[in-house]
Structure formats: C-alpha cells, structure tokens
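In what comes next, chain A is part of two complexes: it sits with chain B in the first one and with chain C in the second one.
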Partner chain A sequence: MDVDFPREIHDAIGDGAIMENGMKLVLLLAQVMTLVSALVVVLHPNILYATIFLLFSFLGVAVMFVFAGADFLAGAQVIVYVGGVTILVLFAIMLTQWLYEAKLKTTLMKGLIPFIVVMGALGPILIKETLKLSDSVSATPPEKMGEFAALAKTQLIGQALLGNYLLPFEAITILLLGALVGAVWLARPE
Partner chain B sequence: MGSHSAAFAHSLQGWTAGLPILGATPLWIWAFLSALLVIFLLALPFGGIATYVERKVAADIQDRIGPNRVGPIGLLQFFADAVKMLAKEDFIPRGADKFLYNLAPVLVVVGACGAFAVLPLAKALVGADLNIGIFYLVAVTTLIAPGMLLGSWGSQNKWSLLGGLRGAAQIVSYEIPVALSILPVVLISGTLQIGSIVEQQGWVWQGEMMKNYHFWNMFHNPFTMFSVFILFVGGLAETNRIPFDLPEAESELVSGFNTEFSGMRFGLYALGEFCDVFVMSAMVTALYLGGWQVPFLNLENMWVTLPSGLIAIIHFSMFMAKTLFVVFIVMWLRWTLPRLRVDQLMGFCWKGLMPIAFFNVIGTALWMWIFHGKSMMQLVMGQ
Partner chain C sequence: MNILDWATSLQAYLVVGTCLFLLGVFAVLSRRNTIGILLGIELILNAAGINFVAFSKFRAAAIDGQVFTLFVILIAAAEAAVALAVILRFYRLKETINADEANILRN
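And then the complex of A and B:
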C-alpha cells in the first residue's frame, strides 16, 4: 500500500520508516473497521447491533478523514453522525419495543435486479467519473497535497461557506429550519 | 496535527540520546509513551483522587469526618477502592446483553480520556495541539452518550434504561448551549486551536514590543461573562452532576444507568464520570479563565530569566489550580442544590440557556465589530 500522508502527519511522525509503517497500519485498521462494520450493519438481524456497528463505521470514516488531511471534516463527522444521528436512531429503537425484537432478514437477492438496472444506467458514468478523479489525483504532485494539508483549513472552510457557496449554505439552513418547524408541528400536543 | 506531542517525543529522544538503552529507543516508542503519560499520570490518578476528594468535600460540608482510615487522613482510600473493585466478582446479570454490557463502560472512558489529549496543561505541555482542538474536544466527548445509552439497554433493567434515556437526551440537548458558549471564544481568538486560544489571553506581542494585554476571555466583554456561566452549567448537565444528575437519580431510579454494573465496570463508569468533570472544568479554564496564564505576569519576559522547566511547572500549577477550583465548585454544588425535574431540565435548556447563549454569540460578534476586537481591559488601559 502506498499512501501519501499530509504534511502535518509527516511532521508528527517524523521520518522514521517504522513510524510510517505504524501509521499505515492504523489507516489500514480504520479501513478494515469501516468496511467490516458496514457489512455487519447490512447483515446483522438485530437492528440495535446494526446501529452500533454503524457507529463504528462512522468512526472509521472519521479516522480516514484525518489521514486525508480533512481534520475539520473528521470532527464534524463524529459530532453529527456519532453524537447526533446514532443517538437518534438508538432512541427510536429503544422507544419502539417491536423494532428491537424484530428479526431483520437480509434480502440481498431481492436487490439484485434493481442493482443491475441502476448499474446499467449509471455504471458508465460512475466509471468515467472515477477514472477522471483518479487522473486528477495523480496529476496533483504529493508536495502540493502536503501544502494543502498544512493550511489552516477551518478558515478556508468558513470563507468558502460564507463566500463562494453562500447560496447553497443558506438554502440548507432554510431546509433545516423547515425540518425543525415541521418536527415541532408534528410533535405538538393535540 | 500533533506538532506538540511530536515535539515532546522528539525532545524526549533528544534528552535520552546519550544514555545506554534509552538512547537507542526508536521515536515511535517515545511518542507512544508521551501519549500514555497523559492518560496514566493525569486521567487515571485524577479519577481516583477525585473520588476521595469528593467524599472529603461532602463530609466537610455535612460536618462529618469522611474517609480517614486508609493512610494519613484517608489519602489512600481510592487505592483501597480500586483493589476492592478489581477483586470483586466479575458479575454479568442473567439476561443482560453481554456485548453491549461490556462495550458501554469502554465507550464512556474512551470519550472522557480521549479529551485529555488536547488539554493545554502548560505552554509546553499539550498532548496534541490540534488546529481543530476545541472541536475535537466536543467531538470526542460525544462518545459518552452512546456509552450510557447502550450500557443501560444492555443491562436489561427498566430503571437503567430510564436513566440511560434521560442521560442521552440531556447530553444531546445541553451540547447545544455548550457549543454556543464556545463560539464567542472562537470569535474572539479567531482559531479553534486551544493552545493559541490560551496564549491570546495574556500579553500579545506586537512586533518586538509586548504591548497589548488581553485579559482572560471571561472579561473580554460583558457577553462573555454570561457565556462562561452557560458553559459551566451546560458542562454540569453534560457530566450528569447535581443539580442535573437525573440519569442516576438514586431516589427514583435506584442508581440509574449504572445500576446493574459492579466491580471494575462500575469503576470504569465512575472513572469516566470524574474524568469528564475534569475535562469540563479544564475546558472552562482554558477557554475563559486564561488556562495556564498567570494574571498580569509574563513569565517568559521578566526582569529575571527563568529556566524553561520552572516556567512549565508554574504554568502547569496555575492551570491545575484554576481547573481544580472549578472542580471544587462542581462538588460544592452537589451538596447545595436539589435535583431538577425532567421537564424543568429540558425547559431550562431550551427556554433558558439557549436564548441567552444565542444572545451572547451575537453580542460578542457586535462587540468585535464595534470595538475592533479590543477587550474591556484594553479599552480601560487605552490601548
């Protein structure tokens, strides 16, 4: 496995080959954890266990974000998905007893036909885009990626959200506000 | 990421370079050790000693003597407790979900101890001065909520489950005022890096001159004075301390989410809780009370040059003194205030703290705009 770590991580671990291999091992563990947990989420018959492994999958993704130099995203991932989404799912399961007792059956075969149809329609586009992405990644020299990783990204993200991407940002805010008002309206006492 | 711990590991390697066995130790062992140092020299002993201090404070307030048998004035009580917990039968109730039951205390401890990595104990002593430091702290402590919830579900006990549900709902709700009371500091400092936030609460360099004195963030403007209290109260609720200890309300829920836990698993829960209290107090200290800054003094630039080791020790003692004072207030409140009701708890968060927290954020933003980021101290001193 050949990984180009962001410069911050290079600074943190020094140049020692053992250290670098250790870091690669951590990354590999995170990747394995993400994938295995994701598989358990899909295959486990108990929905509560599926949720817990969803939590581990989220954590693994957060670790991968850190290795990609996107530490702000990693923090957001943990706060939103582990601290928010997982807790809400757990609440929903625990407050509806039958959900916990229900045995979920995996219907992988049922999904086969939709899968073929969707892949037939979108597959070429997906493959083309993936190839384009990998081209652009290999076109960016690693030194440049290091420079990007060392930047104070939080400020860049803030400036981007309130600058170039102000309109989508505000659109999302309004959507979330709408969802909030809707939730309160649904939960109002009759 | 991790420039400080890396520097620490490098310097450890540097100091020991000449020594026979230690000199040959590779860097990654030093990095590992410096991380362990934080957990084993700080988090665990604090969790242990805090249980002793808590009981002593309680005894003092209630005019009792408290633990006084083990060691001088009962100082080794926590050691005896630990031995007792380790020696207890490893009991898992029948019908409990073993996987969840074992996993839950671990999540709580990981959440609380993980936060120790970014606490700025002194200028030169930070586990990892991440550039998203305060964000990381908020993120890693969210692991505590699933820990409580899963433990309570796993023990298959309705009192536990009620406690766990209350606890998770409380943590999720009070996270919002806490995050909103962190925001004014981020507005003032312009960074999420805790080391830099603390550094800005003292003398600020302007070129060669040490010109600007920025007092603690608490006294930056009138709004931050309220913010610090909201952060403290929200932190109190997030750590399930009285008056917000509904998840373990003894009189209604036996012992709440940890009813079915015994032995070292219960010990882990207690340890996690005390570490969490420490982390919360340290957060208040670092963000609003100047962290390791000694008020009005700049130790690195005085009429005498102090050795860097001494400066680190003074910084560390300053930080610990402030943090432990906040911890003491937490313990003090426990014997002063009655417990809230569930609806009062939620009402207090959403109708009481939230509007004030929002008002503080907007107020601080306006202050920064009107006075060009100057603190009250700077305005008074005419800087």
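And then the complex of A and C:
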C-alpha cells in the first residue's frame, strides 16, 4: 500500500535505530509518566486525585501507542479514556461521595496482603517471564517495522473491521448498545 | 545498552505493560472503594492494550493487534458505564460505595 508520508514522520515513528534521541526521550518520559501516574492512582488516599492521575496515565499510554505506530488507537485512547471514561468517573465521584467521604479507606494493614501477593508472588514471576519472552521473540527486521509504522492505520483498521473482524465488530456494537441502554436503565431516577 | 535505545525496544513496552498490570491488580485487591477498584481494572485493560500494540509492531508488523486493542478500549468504555451505573444504584441503596458494605446476599 502506497502512503506518501514525509520521510521525517516515517523516521520518527518507525524503527528505533533511526529515531532521533529527542524522540526517544519523549517516549521514555511518556513511559515514566504512565507508571508514576499509575502508582499515584493506586496509592493516593483521595479518589478524586487518583482519578485525575489516571488521566495522565492514559495520556502516557496514548504517546506510547503513537511510537508503536498506532496513531488511530492513540486518538481513540484520548477520546474514549481521557474524554469519556475519566469524566464519567469524576461525575460518579461527585454524585456519590464528593463532599464528605472523598477519602479512600485503604489503611496500611488492609494494603499489606495485596502488597505481599503482588510484590512477593505475582510480580517477580511476571517480570521474569516478560524479560524471557522479550528476549526469545525474534524481532521483525527494522525496515519492515518502519514500513508498518508509516502505513495509514485508519484505512487498515477500517478494512480489518469490515473484513476479517466483521463478526466481533458486530458483536461489540450490540454489546455497546446493550451496555449503554442498561447503564441508563440502572441509573434511572426512582 | 543506552536507556534511550531501550525505551524504544519491545522489552520496554512489555515491562511497562507488566508494571501497569501489577499496579492494577494491587489497586483491585487493596482498594475498598468501588470506584478505586474500577480504576484498577482500567489500568489492567490498558496494560493488555499496550501488549497487543507492542506485539503488533515488533513481532507481526500487522494490524490485527491494533484491532484487538480497539475492541479492548470499547469494552472498557462499556464496562465503565455499566459499573458506574451500578455504583450509583448501590449508593442510593446503602449511602456508601464501600465494597465491604455490599453484603446483602450474605444475610
């Protein structure tokens, strides 16, 4: 498929070998921002601040999507998560416990068992397997990755949704309709 | 290896995804507030999306992983809408959104 992207964009979102150091720094900062914001989401005692930091975590993930050549997904991420889900959660917080109960009940003792489960058992295993997996995966040639990254994703995703993925696509439209009607019905006034 | 080069590697994407997943699991397990649990679930779904997108670029160089991430984003949106409606309902019933209070079936 021929796409006439400028060469600079091709280089910027393509393979790491020809990416400029400044762009790499942006990606690194996005990754750090994602994780630090997620840490605040998990630990902050005030649910309102946790939600606002969730927004920054989502934005960091969107930047990571851009660098992985998923421009359409980055847009969808910003629109759906930052513009939709986070605002929805903020509304729910303000409708339920805004003034008097904004503090989360997470005492040190209650967090202790989950901490042991996550850091003692799940974490080491998963991190070890992740490192092993990423070493064993035979990487695609950088030229092919750069070529893929420069393709127009909106067109490809549209073709995939109405081609190979038509059935999941239709199923998910029905799921969305059902979920939204159900949500409105559940939240209706008495 | 230079840390800037590492940031663009598959390993960096996978490590960030794994850490997000672990943080999400920790949030789901430790939070008592139902909205806090919901935030943890969103983190987990995002971690899944990162992995799909990373493998879509670094392994397959094909669009399929991105399509699945799109599905994940849509399901997360639907899930958030329903979950928040349930939380509102629960709040009207119990005047709290503490998950420990959701014990009507136990009596």
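The rule is short, and it goes like this: the second predicted complex is superposed on the first by the 127 of 190 C-alpha atoms of A that agree within 3 Å, B and C clash if a C-alpha of one lies under 4 Å from a C-alpha of the other, contacts with A are read in each partner's own complex, and residues count from 1 in each chain.
As a working rule, a contact is a pair of C-beta atoms (placed from the backbone, for glycine too) under 8 Å apart; a residue touches a chain by one contact, two chains touch by 3 or more.
Because the structure is predicted, anything quoted here is derived from the model rather than measured.
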Touch count on chain A, higher of chain B and chain C: C
Partner chain(s) touched by A:Ile116 [first = chain B, second = chain C, both, neither]: neither
Classify the contacts of A:Phe72 with the two partner chains as first (chain B alone), second (chain C alone), both, or neither. both
With both complexes superposed on chain A, which partner does A:Gly84 reach: first (chain B), second (chain C), both or neither? both
Which positions of chain A sit in both the chain B and the chain C interface? 16, 19, 72, 76, 84, 91, 95, 153
Residues of chain C that touch chain A when the two form their complex: 3-5, 7-27, 29-33, 35-36, 38-40, 42-43, 46, 49-50, 53-64, 66-67, 69-71, 73-82, 84-89, 91-92, 96-98
Which of the residues in chain A come into contact with chain C in the complex? 15-16, 19, 21, 24-25, 27-28, 31, 34-35, 38-39, 41-42, 47, 50-51, 54, 57-58, 61, 64-65, 67-70, 72-73, 76-77, 80-81, 84-85, 88-89, 91-93, 95-97, 101, 104-106, 110-111, 113-115, 117-118, 122-123, 126-127, 130-131, 133-135, 137, 139-140, 144-145, 147-149, 153, 156-157, 160-161, 164-165, 168, 172, 175-176, 179-180, 182-184, 186-187, 190
Contact residues on chain A for chain B in the complex? 8-9, 11-14, 16, 18-19, 22, 48-49, 52, 55, 66, 71-72, 74-76, 78-79, 82-84, 86-87, 90-91, 94-95, 152-154
What part of chain B is in contact with chain A in the complex they form? 1-3, 5-6, 10, 26-28, 31, 99-100, 103, 128, 130-132, 135-136, 138-140, 142-143, 145-146, 149-150, 153, 161, 165, 168-169, 172, 175, 191-192
